[in-house]
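Note that chain A is present in both complexes that follow, paired respectively with chain B and with chain C.
For the complex of A and B:
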């Protein structure tokens, strides 16, 4: 489990607040997983093998060559593991949308802890007659102190907690992108390639989803926004946004191969902001609003009624990295 | 609060109209409150909503966006884009928990120094009535970055459970 004396570089993968999709995406690299096994000793990967936190604590600092960290920081345990793995890893990759920008869990940053707990423990479909709420510490009648990790009031991204070497976006990252990154790291370890500069986004493109999208694009003029299930006949060849279907492609980094729009589903933005975008939602607002085909404020408002949840649509994956609802106050002066 | 609240407002002006209106107000000695900090853009169409979000996120109590009257844009129709973005931004801000009244769009031609001064005076009073936004402070409190509030949710266990 730990060092078996093979002298191979060590690999770890951890899930914090996540769904497990990133782990599946890693396994989806197919036979390439054998290369991972050939090139690395897997020393810690809770979803795939048995290892305890104290095994990691016993490892020398920086002894894990590559750690893929997926999931956002929702509670104290997540933060503890983020700090621990940072200490033990030479290369720490924020892997997947949750770790890089908060992803779907990050939308909890719209709500207070109380609102979240009410939704979870006090909703109409919840059977909780005693109104129980999770306690981070509890003394049993027998006098045994029980603890569970403390729930944080805001979701944090990995880089809001520790220093991150690389960012790998996607919900989840596409398997061919993972395979390419694994290949690159293996080559770099052999001295046959150089790793990109620290802080780089890896396993993704430098442009937008629109750039990869096969649909035909024209000058956009939108008279009405509709949701995709409200359209009887979606033109299979024409840009979805031009058909009034809110598509996040213009603000989203490419790398997925425009999978969703290719098959008739609007881009939801899981690959995160395109390069140099400060606030993903603001970029999307800029793009979407400017193509509305009206000069009359009342008419524009009526067209905007077609976007029932703008904040949720524009910040679905990026809220924990947004200017207003980040898990950490925005740094001033940059 | 012992001291009167003086709102900080970031004002984005267009090089061709509202910036000159502000200039005109100055040369004509028209008075308006000093709460607004003007930033000149080439056009209201240059106003990326990011600027507004960043101003609010870093401590502004309000944002004023100004541009040429409809039909009078130096770049033909970019002020209409500003209008559309403003209307969409207002909806998003409301969902984010920011009163839409904190961000205002005003048209002012280069000749309307008096009008701009009046609009600024009105906005300052409107935002004074709304009170401080203090977004950085609110985020700090919400995230527990100032060392408090993290355990807000911890509450005592009901009697019947522990018994």
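For the complex of A and C:
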């Protein structure tokens, strides 16, 4: 795949703390992969080719034209790679929900490291009478020091560690959006298109999931929230929120094509805050309040109590990047 | 003390590292396979509504989100004590067969198979999917792409998304199947049965027809006598979606079967301070370290394990292949890890046959998708077979169905101890008196890995089976003597 020395722009993709779904989504762009290969020298992409850290370290600064960075910063090694790729890349894209806003693993920021370790290493199925915990450095009986990367107390997003040029949301970004971004960058490199201003969200829409949703909205008000598994007959054509099912569509950026509501599931918010939204949770709360059929504060509060997990519902994907951030600031790895 | 670090630098970069320690005369003293990553889903899912778990736990692994989706859905059913409608169960299983079909195809053609099709001594550059296509013919490449696409299509049709499906909830599913969709799936399934048969024929011609390969499979280097587990139906036949977990000892004797809720009577996990991942073992046998045998609680959970732990397959063509498998390899159980590749193809055939069965089931297009739970939620366990091993989700909730505790034992984690043992054995077979057989070491370690199809996406997050390796050889003073590297995935 790599063709060093051809003078073509250079491409890199890296995963930090992630599930691998972003990589699968890129591989799912199908024949567009060939366009990437034709337009770029792929110089670093662990999922697809052989390359090493020290190969990247040896590259001149800013020599990689485009780097797609997915995954969040969970440990010291993730942070090291983020800094290295920032230094070597002209355009660094925070790719996918983990890199842009922390994603579901970002909810770990509600908990301390010890709470996480206790849940894992003292679980019901774990036999750990001595309360052992993983050690970042441990001396073997043979006298050799074994190391594993230090586990950070907080998950960080990419832009909490380095300067980011563009944000591409989604868990994972949909393949047709990835293909469109690839097309745009290739055209821009040929001088046939202009890249958006630095800091822009790319590969997504400019409004909300509701705008793409096939379900009908009737500006109907509700007097209680219900949970989706408690409903005998969810109306397949009507807005879920208007059926009392909490749906994150009104606060969430469009771009996926409203996939989940289209198959009877509520939007969970994986594309992150809609264009003009500063705080996702606050926006969702406003949207939710607008469908409540009451002006009595006590009654409104009682209705809102029907939302079983407000913190999780409002900050499911974006806690690590939210104003909330669940407490203490992140500790620098260096 | 000499130290050799095998740092799988790309696919497992930062996500897996092997240390080989040599004694004063250069023999292997010990090996350590470290997993340096943890995310902590067990903790941060606490406080979440249980009906969200099929969507939240998807994000444990982007390679096998379908497995977590199903285990979480079944645990949610159990928490509420609700029986999904018959159609809902069949739709979930149908989605899951589409996933298995894609996943097993990918492993055989892109990851594990090239060692056999091309031969273990073939140059690294040819031991990949392109090499397979060149050797077997171009049309096979088209078939492999078609097979993966068909599986993905089934997942998206029923799960609503290509990655991270969203349609399973406690008591059922949110999306049904139209007659038009059913016909499409049936046609893809029938093609899939032929494709699986074609794949088994390929294995038969290229591998079983070559005594050198058969000897390699049957050789001692890749053999470990361990216990095996796998999900089985009421007739003790392999099942991916539902049933009890059968446990057999190294002699093939069934020690028992456990229902999901009984897993803590059977499975326990051992902790080591040098890695983030735990080592599951059979509780009643006990943790005796990284050793084989009837007295060691180490067990394996892979396609080979599932065949060993079952009495047969539930579909006719796969059953015939199952019988041939044990006849050819000398009876049950089969301990040779490389036979896992063959076992995986037998499972591929089963997945395709089962997909057709479900797609032609008269209930499959029924609108009865959901049973509304009526009981107070408490505690529940869901188990499915992920392609890489038995997957267990255990939830506790308050009376509103809000999670208060979560325990997970994921697919590849089951195999952490046996993978570690296979690494050690490969090292011991190749390193003597301080002499490092470089190319051989790399390839043998890779092959030991690949049989397990490890997916540290669940344990950490690397794609299955692709293990580019870098070996750093240091002298006793810790100085680097040589660095060898090799890439072994599809490019």
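Structural remarks
As a working rule, the second predicted complex is superposed on the first by the 306 of 334 C-alpha atoms of A that agree within 3 Å, B and C clash if a C-alpha of one lies under 4 Å from a C-alpha of the other, contacts with A are read in each partner's own complex, and residues count from 1 in each chain.
Rule of thumb we're sticking to: a residue touches a chain if its C-beta (ideal position, glycine included) is under 8 Å from a C-beta of that chain, and two chains touch if they have at least 3 such contacts.
Remember, it's a predicted structure, so these values are computed and weren't measured experimentally.
Contacts of A:153 after superposition: chain B is touched, whereas chain C is not reached. Of the two partner chains, chain C is the only one that A:232 touches; chain B does not reach it.
Of the two partners, chain B and chain C, it is C that touches more residues of chain A. When the two structures are aligned on the shared chain, A:120 is found in touch with chain C, with no touch to chain B. When the two complexes are overlaid on their common chain A, residue A:193 makes contact with neither chain B nor chain C. Of the two partner chains placed by superposition, chain B and chain C are both touched by A:110. Looking at the shared chain after the overlay, A:24 reaches chain C, while chain B stays out of its contact range.
Once chain A of one complex is fitted onto chain A of the other, the partner contacts of A:132 extend to both chain B and chain C.
In the superposition on chain A, A:304 makes contact with chain B only, not with chain C. In the superposition on chain A, A:262 makes contact with chain C only, while chain B stays out of contact range. In the superposition on chain A, the residues of chain A touched by chain B in one structure and by chain C in the other are 110, 132-133, 135, 138, 151, 309, 311-312. Those residues of chain A lying in contact with chain B across their complex are 110, 112-114, 117, 130-133, 135-136, 138, 141, 150-154, 156, 278-279, 281-283, 285-286, 288-290, 292, 294-295, 297, 300-301, 304, 307, 309-312, 314, 322-330, 332. Taken in their complex, chain C has these residues touching chain A: 1, 3, 9-11, 13-14, 19, 21, 29-30, 32, 34-49, 51-52, 55-56, 58-63, 65, 76, 80, 152, 159-164, 166-167, 169-171, 174-175, 263-264, 267-276, 278, 280, 283, 287, 370, 372-373, 394, 400-402, 405-407, 409, 457, 461-463, 466, 468, 470, 485-487, 489, 491.
Of all residues in chain B, those touching chain A in their complex are 48-50, 52-54, 56-59, 70, 77, 80-81, 83-85, 87-89, 91-92, 95-96, 98, 135-136, 139-140, 142-145, 149-155, 157-158, 160-162.
For chain A in complex with chain C, the touching residues are 1, 15, 17-25, 28, 46-53, 71, 74-75, 77-78, 81, 103-105, 107-108, 110-111, 115-116, 118-121, 123-128, 132-135, 138, 140, 142-144, 146, 148-149, 151, 171-172, 175, 227-232, 234, 259-260, 262-265, 268, 270, 308-309, 311-312, 316.
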